[in-house]
Amino acid sequence: MSAPGPIEYRDASPEVRAVFDDIKRSRKVEDVNNFWKYLANDPPTLERTWASIKEVMAPGALDALAKEMVYLAVSVTNGCAYCIASHGAAARKAGMSEAMFGELMAVVGMANETNRLANGYRVPIDPAFDK
Amino acid sequence: MSAPGPIEYRDASPEVRAVFDDIKRSRKVEDVNNFWKYLANDPPTLERTWASIKEVMAPGALDALAKEMVYLAVSVTNGCAYCIASHGAAARKAGMSEAMFGELMAVVGMANETNRLANGYRVPIDPAFDK
Amino acid sequence: MSAPGPIEYRDASPEVRAVFDDIKRSRKVEDVNNFWKYLANDPPTLERTWASIKEVMAPGALDALAKEMVYLAVSVTNGCAYCIASHGAAARKAGMSEAMFGELMAVVGMANETNRLANGYRVPIDPAFDK
Amino acid sequence: MSAPGPIEYRDASPEVRAVFDDIKRSRKVEDVNNFWKYLANDPPTLERTWASIKEVMAPGALDALAKEMVYLAVSVTNGCAYCIASHGAAARKAGMSEAMFGELMAVVGMANETNRLANGYRVPIDPAFDK
Amino acid sequence: MSAPGPIEYRDASPEVRAVFDDIKRSRKVEDVNNFWKYLANDPPTLERTWASIKEVMAPGALDALAKEMVYLAVSVTNGCAYCIASHGAAARKAGMSEAMFGELMAVVGMANETNRLANGYRVPIDPAFDK
Amino acid sequence: MSAPGPIEYRDASPEVRAVFDDIKRSRKVEDVNNFWKYLANDPPTLERTWASIKEVMAPGALDALAKEMVYLAVSVTNGCAYCIASHGAAARKAGMSEAMFGELMAVVGMANETNRLANGYRVPIDPAFDK
């Protein structure tokens, strides 16, 4: 009756292995992260989440680095320790320098501050911004 | 005993006018947004917030567009209606195309989803990510 | 099949009227706020919430003004528009001056900023703070 | 000047012991969880919180399992590690299977994603949903 | 340079129309909600989100009503006005009575309260809950 | 490519040392907290954040204790473990008794609960509160 643990490749069903294989191939890594090993407890969520991540994080109008930095900004705002650790690493791997990280954190901090100032002062939306 | 309203330029003290003038000059706009008119009720907060925003949002290791998109991503995560409207406009002014906006929202949505999956499955941080 | 609307005194059951009467007496007001009129759709929640609020917000080690300002600080952090409006009014009624409101918002903004800086830099708790 | 620690039964005042006894009796457990041992530092909050939990979590129009799963969904959304652990265990004890947990997490993740898509696209409420 | 507005069926591309048709068929409705009309500005997000929602919200180990109530609980916790309105309506359509709604809100409120009490008292996870 | 660690005084640049010296002098402490040692990785953020904190937390219309308790209330609402630990200690140092802490947590819990009740019941703002 305890919470689900990680599913390792050797214990995984064929459908889970297929996702793990695709992650390892796409990301050129030897093993998948804990996140995927835990999601593997629910194969439909594993499959859907990986397919979505692969589509959403692929370079397009925004490049991979910009996307990883936005992912990190959201994770920091939500205070998700796992996600801050994993997407911090991913952003650095995608090219985020320490100077970029420092500026990113400064913007995230500032936005969280001014979001509350706007709430607290009950600032109405300027007609120019409204649709 | 009601909540503070906007301070217009004509009614502002010299110190508030000095900040308004600097905002108008820096941003090349005819009038400041409601956000600044409300903060003007507390001049030290107005001055400090504007000085911080000017420093934090200046192009550096990240360009102005990247910074505005991160600001928008945080505001969307927090659900700050005023900030979504104003920084959505600012990001578009800085060059965010609709394709970029669409991808930005997709990443923000995905990050908010996987942040909760990581929480719910209580995923431990991989040793590789940990310091 | 629509969402529940407000319950006015004239349409209220005796148990709801008893709570409304106690709110009006305790707060020396002629009518209860919308919050209570909506909660009246679920009388046990109305009764429990009012009893809890009355106990929690009563002056004790903290006075009524300090409590209302903390309530407002939380509501601003969560972005609850109704609560910002109603507890902003309550704090002013309890004696919050505009100077106090300005400083309160500055602290709330700053705390929201540094909460994210601490998250983003993954700052470990100093041994001195840890139990 | 350090933060309050847990109050064990042997060190508790009669009023705290009365609450602990009622928790143990109601839940058929040998000892209360850490949550209650820490709240015991403030007996009025201990009493009020336990009375509220007992009333709110009792089976009614929703059964105990449905209520525990909603509690878990909220705790996952807020990222409260203690609450995710304790209410995950409570939900499993109340009958949540791993298949139900998997679907619950999928819904929680999806809702957190689409909440931000609705924010980001500034979607106006359909007249049909509005009161 | 303004924010994207809704895409109506008559103006939609064939790929967007295909999603709209599937939503209308699956939900037996005459028109899609504003949420989908706004997402239609980014067809890949429209398609992915609809496919995910259809999979996640389908009855399984949890029935449709339980899933809609969890969706509503998350939306209320996040304060997403659009989502509260639309998923409140969806939950009522799926069979949520006003008594169920009242109890749902009571649980959501309670969980949000105790999440913060656990945070504030820095309650360590009981060994029994830990993995 | 790992996340930035703490910068100790002996390894710090002159500009970082100047901030550390000012913190130590202002707070009459022998060493700065981890928060500042991590921010030191980005000297402009270190300088700006310290200058802002010093200005915002100085006694004014609100005294130092009231400000620290508000800071703690926000940190508890956001679930920032580092900030709860450090500002809990700071509030106690500024004079927060355990009775005050208990009441503070009760208000924070209650506000988080009623914020969601107001969201969930979609309570419209009373005209008396609206500007």
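Per-chain residue numbering starts at 1, and chain names A, B, C, D, E and F are given in the order in which the chains are listed.
To be clear about the criterion, a residue touches a chain if its C-beta (ideal position, glycine included) is under 8 Å from a C-beta of that chain, and two chains touch if they have at least 3 such contacts.
Bear in mind that the values here come from a model prediction, so they are computed numbers and not experimental data.
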Any chain that touches chain E and chain A: B, C, D, F
Most distant chain from chain B by Cα centroid: D
Interface composition of copies chain B and chain C: same or different, split at half: different
Chain pair with the higher count of C-beta pairs in contact (C-D, D-E): D-E
Between chain B and chain F, centroid-to-centroid distance (C-alpha), Å: 20
Chain B and chain E: spacing of chain centres that average the CA atoms, whole Å: 27
Chain B-chain D separation of Cα centroids, rounded to whole Å: 34
For chain F, residues that touch 2 or more chains besides their own: 2-4, 41, 44-45, 48-49, 52, 56, 77-81, 85, 88-89, 99, 102-106, 108-110, 112-115, 117, 119, 121-122, 131
Complex interface listing, chain F residues touching chain C: 3-4, 33-35, 38-39, 41, 45, 49, 52-53, 56-57, 60-62, 66-67, 69-71, 73-75, 77-78, 80-83, 85-89, 97, 99-100, 102-104, 106-108, 110-115, 117-119, 121-126, 128-130
Chain A contact footprint on chain D (complex, rising order): 79, 85, 88-89, 92-93, 98-99, 101-103, 105-106, 109, 122
Residue ranges of chain C in contact with chain A within the complex: 72, 76-77, 79, 81, 84-85, 88, 104-105, 108-110, 112-117, 119-122
Residues of chain B defined as touching chain C within the complex: 1-4, 41-42, 44-45, 48-49, 78-80, 131
Chain B residues within the chain F interface of the complex: 2-3, 5, 44, 48, 52, 55-56, 131
